[in-house]
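Got a structure for you, written out below as structure tokens; questions coming shortly.
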Amino acid sequence: MANFCSDNVAGAAPEILQALVEANAGPAAAYGEDAITDRLESRFCEVFETDCKVFPVATGTAANVLCLAAMTPPFGAIYCHRDAHINVDECGAPELYTGGAKLVPLPGEDGRLTAGQLSEVLADSGAGVVHHVQPAAISLTQATEAGTVYRPADVAAIAEVARAHGLGLHMDGARFANALDFLAASPAEATWKAGVDALAFGATKNGCLCAEAVVVFKPELAATLGYRRKRGGHLFSKMRFLSAQLEAYLKDGLWLSLARHANAMAGTMATGLSTVPGAGLVHPVEANEIFARLPRSLREGLHARGFEFYDWPAAGADAVRLVTAFDTRPEDVEAFLAAARELAGPAVAESA
Amino acid sequence: MANFCSDNVAGAAPEILQALVEANAGPAAAYGEDAITDRLESRFCEVFETDCKVFPVATGTAANVLCLAAMTPPFGAIYCHRDAHINVDECGAPELYTGGAKLVPLPGEDGRLTAGQLSEVLADSGAGVVHHVQPAAISLTQATEAGTVYRPADVAAIAEVARAHGLGLHMDGARFANALDFLAASPAEATWKAGVDALAFGATKNGCLCAEAVVVFKPELAATLGYRRKRGGHLFSKMRFLSAQLEAYLKDGLWLSLARHANAMAGTMATGLSTVPGAGLVHPVEANEIFARLPRSLREGLHARGFEFYDWPAAGADAVRLVTAFDTRPEDVEAFLAAARELAGPAVAESA
Amino acid sequence: MANFCSDNVAGAAPEILQALVEANAGPAAAYGEDAITDRLESRFCEVFETDCKVFPVATGTAANVLCLAAMTPPFGAIYCHRDAHINVDECGAPELYTGGAKLVPLPGEDGRLTAGQLSEVLADSGAGVVHHVQPAAISLTQATEAGTVYRPADVAAIAEVARAHGLGLHMDGARFANALDFLAASPAEATWKAGVDALAFGATKNGCLCAEAVVVFKPELAATLGYRRKRGGHLFSKMRFLSAQLEAYLKDGLWLSLARHANAMAGTMATGLSTVPGAGLVHPVEANEIFARLPRSLREGLHARGFEFYDWPAAGADAVRLVTAFDTRPEDVEAFLAAARELAGPAVAESA
Amino acid sequence: MANFCSDNVAGAAPEILQALVEANAGPAAAYGEDAITDRLESRFCEVFETDCKVFPVATGTAANVLCLAAMTPPFGAIYCHRDAHINVDECGAPELYTGGAKLVPLPGEDGRLTAGQLSEVLADSGAGVVHHVQPAAISLTQATEAGTVYRPADVAAIAEVARAHGLGLHMDGARFANALDFLAASPAEATWKAGVDALAFGATKNGCLCAEAVVVFKPELAATLGYRRKRGGHLFSKMRFLSAQLEAYLKDGLWLSLARHANAMAGTMATGLSTVPGAGLVHPVEANEIFARLPRSLREGLHARGFEFYDWPAAGADAVRLVTAFDTRPEDVEAFLAAARELAGPAVAESA
């Protein structure tokens, strides 16, 4: 049955599983000294068209908080959207890894922060005053928790504010491939060229079993990361199995193909919902998440027919979240839409 | 070529990989709400013949430090062997996860602590005095870092000391299956029946890609573990892929078969070395690690012929460590021994 | 010249200094084993009419964060007003002492949280869900950062919410004596009888040199405090000098007399400002802080004449903060008011 | 009655108390913006004949751990004597303030580490290997916990090792004045000229009520200290009362006079004990602590007569610790010695 709860309910892409099988041949040095891991960093450098340092880990939370820990002292402040995963869905992991830094949650339409807002907040941030935590980093989610995407120009404007105040710029790229597909920008344009210092490069949601990478564009930030990763328990002994996932993910643009499909499915869903009486979008659909308003009868009817998705009251009284993935089947989207239309009935009251 | 550097250089057992492929079918709820994870805890309860709580993670360090964090306040002291993995090979992970507890490293022959020693140390531990960190936990490694194995009676005696002083008892079971095979004891006898409160159940070294489990025998210790795991970045979104490894590992005694083979290979190696002139054992060989003394010429000759293993000066001037694994081939052990004998030359001075 | 910057600019009351001199006679056991400290806890028990545990420290930040650490796990959430001292003026001390808990800043008129608001927030707090930090404590400031005072009934209503959700209730009593004077309530009524679990009992601002106390009404919260205080570096070797301040502070109601004076001076100031054309109050004046609106010309004129006080833009464009203390001289208040009236000129345009 | 338990049982020198009284006149800016604090740093610069940064705090633990936190990352290792105060008497404060660094306890005769020993330990420290905590700092106590004193040449040799490995050098100067008096060296010679990076300058034990200072000789180490002090709850609002103690302490060489007296009393005690049959010294007496062996009957007799001191089994079966202070009365030392001689009886067996 169709499951739109999360891209985390998807399994792994066959190419990724196949890479695990291949990586299994023969002995390999442990803890990242193997051949696959060795060539992985070069591969990332090619993909991002720059020298970067790469630290594979298995979870997005790990990737995020290692980035943040590298750029934030224990008495630091990290500015993020109030709905940011790091703020609400990581059970305090950033605080653990930074040694107690403070996340400063900010509002922002459609899940986005803006340069103007940050500039204003930072003008009154208490920098240099010992009573206050010290501004240290800005964190952006790409695509955002609202399913929208920062344009490179948005990121660049925020990066300029970050630089002006001596802050690091972190990007939580849990759905980075989906964002890239929407932007039709290069990985470089979406990150370091726009001023991103460290990226939590997500791969799990988009077809891996468990693979993410800390990608560091500012070399000095990398100095402590190896220790921090190990200390967090995130250095894999049989690292080849993490690296093999990432290698296959990047090979021949697989990652972008997978994201393209997920985004296309989300587009179909969004377009389709516009024809369902009573339904509407909460946020623009720019990646693979749809935040929609569905009347209660419609939500209940769809749940009753076995469609799986989350009601999402945080986005409004009637809101739901629908997430598509690399393996979402067009027929499941169509079935959902057909059921929605049927449950909604004819759009009698056009005036609504 | 034969690689005896570590059981971490081994890949994954075919059954484990196959389980991943099978787990990949269809959507599954994320973050451990899936069917495989659901039945995994029951499986552990059967294997350990008791109600226990199970938290799959991907690394041994994570498993260890989550156990320790559950039983140690920030101002606590953890007593361990000075060579313990938690003390020397985890880059301070226990300190991170406990919020700054102190590891108290103790000496101990063949990698083992004793009840008598701990009793003496704890008699003078400063319990109840605010100036001193407070005794909170004892940590044992099974099999030990010296390749030896605690007998259940040893563990029980230590557990009695722990109980008398109100301490938790943690077992780092990175090579738990190897220890069990040696002991010919049941999992229950080797753990909770002997007084172990929480076990870091190792599976990666013995045939998984990346799978360990925190197994908690004292229910109250489990209360905070879910939060601590998430906060450490160790809760997998696609948890089924961790759980599937563990399920296959436990199925039909696979874990014990794999360990039996590794131990048998270690036994062959140890026995064989006893016939190599100039060679000798540093510690009794009870699991799948051999700590041996090999004269420098012998070590160099073996390295030159392509045998991979670590010189281990911490165990003595001429010491080496040889580790066998579930997939170690008998012919590689034989080749190693043959080369060693050849390099050692005839045992001229039999009197030595 | 008159200084209304803070009650921290005041020195110490003569009785407190005298107590130091007297405490200096002869040797005394260190680290709180002295006679003065010994009898201090009994004294607090009398004053608060209950068994309580008392831990003297030297700063309000220390007192606050020790309380919070005793009731909050590292993965906990602490609900507080967004202007709370613990949130904005302690450079992340709560995060340090709790091991990385998260402060959840909430809005609230006149510096106060309400039971209704907290009830609503806690209904959606993610309790029991591993992705989210877990509700652990509510922190109230008494008197608040806006110079207002919680009524015992307000506190009791909030305490009921806290209990219903299993949270601890902390009171930052940096200006506790000032609040008590306003309430004309007993220490017991304002704290444990209203449901407060732990009080940071302030004394420094109200006439001590450096003396505060953690006062714990819930015995189980006291168990770890001795260790946490020592570990924070807040256990004084010559403890008698802290305890002597507190003893003198409590003797013969000195603390309440001092606060009464400070409050009376604030009342005079507030009343006087109401007669100054263009001036107005931002918050009700209930303790010893006045938040007022003064036109820029008035502010500048007063500064130019040497009156010291802070412009307080956080409370509005024209806002200032004036703080009175136990030693504020009536003639200084009068001088300030006279100058203000003179600078404001006759209230020509009554319509304004 | 004579109390030789600790220099912490002494009160405050009259000059120090008088300085508090004087500092109390009039308002003063809070949090270290006052005039006394302002001139204090200059005073330290004069005393130490160099530019240094000074952060007054109230406890030795705070001073120590702030120094260590400034020079040690969370994944760092701090090398210290196994009897060091930071290792055994601060309830894990270094771990709290560093975010979980590891103290590596080392043996050492008479309480001292040596350059040779440290050089050897650091040669095998795992620097650069992610599995191991990274060497970050060496901590020396001056005078040591054994009552001995490092010569400037000893410190310089250790500093050279520290520099060679990129480590910071911390000095716990809880009894720094006593050490200086013994050395007849200048403050500069005993610290930065010998390579010390940061000093926990003790004053409490030697005549203050509660005053210590972090003195930083390497400017870059000072950058984070203001935040760390505040975050630890160690920034005093009425800072003038800390600074006034330190100012009076340094004035006209008071600190050295006080220490000279304490040392002289210790010398008298040590010399006297040499004439007591059966008594002997455990360590050379170089400052104001005497570690002596006294037969049980002697110890019990002295306790019975009301002399207060600690039996010190850590230093040997019959060991005691006697500490003199700035206010120790010669007649109390003489009384102690007289009683000891009387209790010991005539030295019948001179051959012993």
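First chain written, first letter: the chains are A, B, C and D, and each begins at residue 1.
What we mean here is this: a contact is a pair of C-beta atoms (placed from the backbone, for glycine too) under 8 Å apart; a residue touches a chain by one contact, two chains touch by 3 or more.
All values reported here derive from a predicted model rather than from experimental measurement.
Chain centre most remote from that of chain C: B (centre = mean of CA atoms). Chain pairs B-D and A-B differ in how many C-beta pairs they share in contact, with the greater number at A-B. Note on chain placement: the centre of chain A and the centre of chain B lie 35 Å apart, centres being C-alpha means. As a whole-number value, the distance joining the C-alpha centres of chain B and chain C reads 52 Å.
The mean-CA centres of chain B and chain D are about 42 angstrom from one another, to the nearest whole unit.
Residue positions 31, 74-75, 90-92, 96, 99-100, 130-131, 227, 230-231, 235 of chain B each touch two or more of the other chains. Touching chain D in their complex are the following residues of chain B: 74-75, 88-92, 95-96, 98-103, 126, 130-133.
Partner chain C is touched in their complex by these residues of chain D: 3, 5-6, 8-12, 17, 20-21, 23-31, 57-62, 65, 90-93, 96-97, 204-205, 209-210, 227, 230-238, 240-242, 308. In the complex of the two chains, the chain D residues touching chain A come out as 31, 73-75, 99-100, 130-131, 134, 224, 226-231, 235.
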